[in-house]
Amino acid sequence: MWREKLRIRKSNQIQALHPSTKFLIVCLFSACSLILGSIKMNGYALLIIPWFLIVPLLCAASGIFMKFCKAFAKVLLVATMIFLTQSFLVRSDVVAWSGGVLKIYEKGLQTGIFISFTILNIAGIFTWMFQTTRNKEISRALEDSGMHHKAAYVFMSTLQMIQVMGQNSKTIMNAQRARGVETEGGIFVRAKAFFPSLVPLILGSIIGAEERALTLESKGFDVNGKKTHMFELEPSGYEKLAASIAVAATAAVLIGRILVWVL
Amino acid sequence: MGAIIELNNVTYSYPLANECAIKNVSLKLEEGRFYGVIGQNGSGKTTLCSLIRGFAPSFFRGSLTGEVLVCGKPTLDYKPGELSLKIGYVFQNPFSQISGVKDTVFEEVAFGLENFGVPVDEIEERVIRAVELTGISALAEKNPYELSGGQQQRMALASIIVLEPDIMVIDEPTSQLDPEGTESVFEIIKGMKDRKKTIILVEHKVDLIAEHADEVIVLDKGEVIRFGSKDAILSDETLLECGVQLPNIALLGNKLTRSGVPLERIPITEQQGVEIIGKALRTRSWCK
Amino acid sequence: MGGKTEKSHSIKSDFSMLAILIIPIAVAVNFVGGQLASLLKLPMYLDCIGTIFTAMLCGPWVGALAGGLTNVVTGIANPISFAFIPVNIATGLVAGFLARANMFSNWWKWLVSMVILAASSIIVTAPIVILVFGGITGSGPSMVVAGALAAGANIMTAFLSGDGIFTVIDRTVSYLLGYLVIGVIPSKTLIKFGCGENYIKKASVKKSA
């Protein structure tokens, strides 16, 4: 059976969760991060630091730890930069730590921790979702949840187009080089290489779009009826459990927040 | 048998164009026949195809007078998608016919049926038949973008054939292919002919038209200047003045006749050439 | 066909089949443009060329979607770019409305448009930078630049280094490229885009001149 081959099989049960469940987890986790961030101890939002530990743990449990590290490096860099600039450069009256010429002020450290860990938490959980889910699954889930099939088409087509055009641009660039268009040298020389590399690429795609529009029409793309799909999302069976855990954790965090507030 | 496609006094011009792309064309095309469309560049071949499929004027806009009937109904009266099931359309460029959202050839071919909401079991059966018919079964799991031009064009044919239209409009399917790709595409078209589809094919390679078509439509400056049996048309040297190419064997036949070799008639395919010229050589009554 | 018909713009009619197919191209051009600019070590980002020419061809709503989608797709690899979705949406909207208001027709209108385009980016970027990144301003530019670059938030860099001119130049070059492309699109293709007609007259005038 051909359809068998199209199925995405995942041995890891967390990875295999339905995309909508993953999205629920992402939303609740982010909400919790913000709630916890509003609990200040001596002005420091310390709770979001251990909260972040959940992200790498979840990724490890999903069997994508290395993939996660690779994808997350950029975010980590940004968060570190923000943390450092905030702590060292935002001045206030109280010095939290000083070593030689360097001084960390309390205010800066507080905002530094809050902002950088909020970013780490939210970006981290999104990274988890995207690293455990294929684009195809995202697109199907979006369509299942009521997105118009044309919108889902735009999403998938965009992802493929980026790949295809990236490849074409390399081909054109190499051809330009072979033709003797300078790609190195002064700024104007390099700028001159930019235009001939990009313009034919865009033009070709736009003219191709015309034919593609007709092709799609020939294949019934604009029929407004029920569509069928060769590729179906399959729930792993643990969706309810995962969602319950996420909801329960969020409820606990929320209750905790209210208690801190009342007491 | 009645006409499956009928054009009555059709005149059409593209938006912004001063001249008409198609002028006063009336045609009756019959079911189950293979029509070759020839003419020099800009003679209106593609426009004729677009009119039959209804892309003109629905997509290209422009102005149309006269009427184009498919199965007795004006193309303008068809609902979106309805015509897609009647007429399959294959374009020149294999690359731009890829839907751009599928990872495998199999899914690409299934795309049209998914749009029409055909049940998945049926899709699977029909796709398997279509990829077998077009000889791309072995490629079914590949990414559409990894295929060669010829393979992509066969996939394009498969993804139309799978919709099982009665009429196929095929616009220069081989213009961007190498000889090998061309041959494989024609094998498929021949298969469609055997299955009694009505085929309208635009093709520059007249030898192939001579070989496979039943009838020929010759266009020049937007007008149909000839329409009828391929034997009479493709051997007529006066067409050369309109920029129409003729099969090499027909040119040879004409030259032989002029130089005194009495041929029964002018051959237009290699096969006919061998027979007719061979016969003339054997009798040799004209020698001396 | 030459007669000027009063065109009504509904959002739904803006999203024609062709417009739908231009969006993926726009996003890919944004990507490739940015890549190419950094490959050639140009001191510009040129990562909204696709958004701008789409807005010019298909109007503000399609442009906005192309812009927003660019950041959504980038966000799959780096979620921080989600925060900057509004910036690219603004670019698409503003470029589209400027095109619709025929604000690219002569040199002074054009200059004003470039400033508006750059200013809108800066204005939208400012609150995001303050909210998400704690409003780091002025101090420690090099570190911030590194951080911003890593975030893929290119506008932010321009904003933070306080260099509005930089953004104006970036937008101008992007616009010129878009204009160049539109100039070579055959008019029979142009006519099928929502705002395509605006450029046909110009093209024919240019040829006869």
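Here the chain labels run A, B and C in written order, and each chain numbers its own residues starting at 1.
The rule we apply is simple: a contact is a pair of C-beta atoms (placed from the backbone, for glycine too) under 8 Å apart; a residue touches a chain by one contact, two chains touch by 3 or more.
Owing to the predicted nature of the structure, the values given are computational and were not obtained by experimental measurement.
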Along the graph of touching chains, what's the shortest path length in steps from chain A to chain B?
1
Taking each chain's centre as the average of its Cα atoms, which is closest to the average over all protein Cα atoms shown?
C
Tally the contacting C-beta pairs at the B-C interface and at the A-C interface, and name the larger one.
A-C
Farthest from chain A by Cα centre, which chain is it? Let me know.
B
Distance between chain centroids, defined by C-alpha means - chain A, chain B (Å)
47
Centroid distance [mean C-alpha coordinates] between chain C and chain B, Å:
42
Once you find the CA centre of chain A and the CA centre of chain C, what distance in Å lies between them?
22
List, in ascending order, every residue of chain B touching at least 2 other chains.
59, 100
Each of the following residues of chain C touches two or more other chains, namely 17, 24, 192
Residues of chain A that touch at least two other chains are 153, 157, 160-161, 164, 209, 212-213, 216-217, 221-222
In the complex, the residues of chain C that touch chain B are 1, 17, 24, 187-188, 191-192, 200
For the complex, which residues does chain B have touching chain A?
53, 55, 59, 80-81, 84-85, 88-89, 91-93, 95-101, 103-104, 106-107, 110-120, 123-124, 127-128, 140-141, 145, 156, 159-160, 163
Mind pulling up the chain C residues that touch chain A in the complex?
15, 17-18, 20-25, 27-29, 31-33, 35-37, 39-43, 46, 49-50, 53, 65, 69, 73, 75-80, 82, 132-134, 136, 139-140, 143-144, 146-148, 150-152, 177, 180-181, 184-186, 189, 192
Mind listing the chain B positions that touch chain C in their complex?
14-17, 59-61, 63, 100
Chain C contact footprint on chain A (complex, rising order)
71, 74-75, 77-78, 81-82, 84-86, 88-89, 111-112, 115, 119, 122-123, 126-127, 130, 135, 150, 153-155, 157-162, 164-166, 169, 173, 183, 187, 190-191, 193-195, 197-199, 201-203, 205-207, 209-210, 212-213, 216-217, 221-222
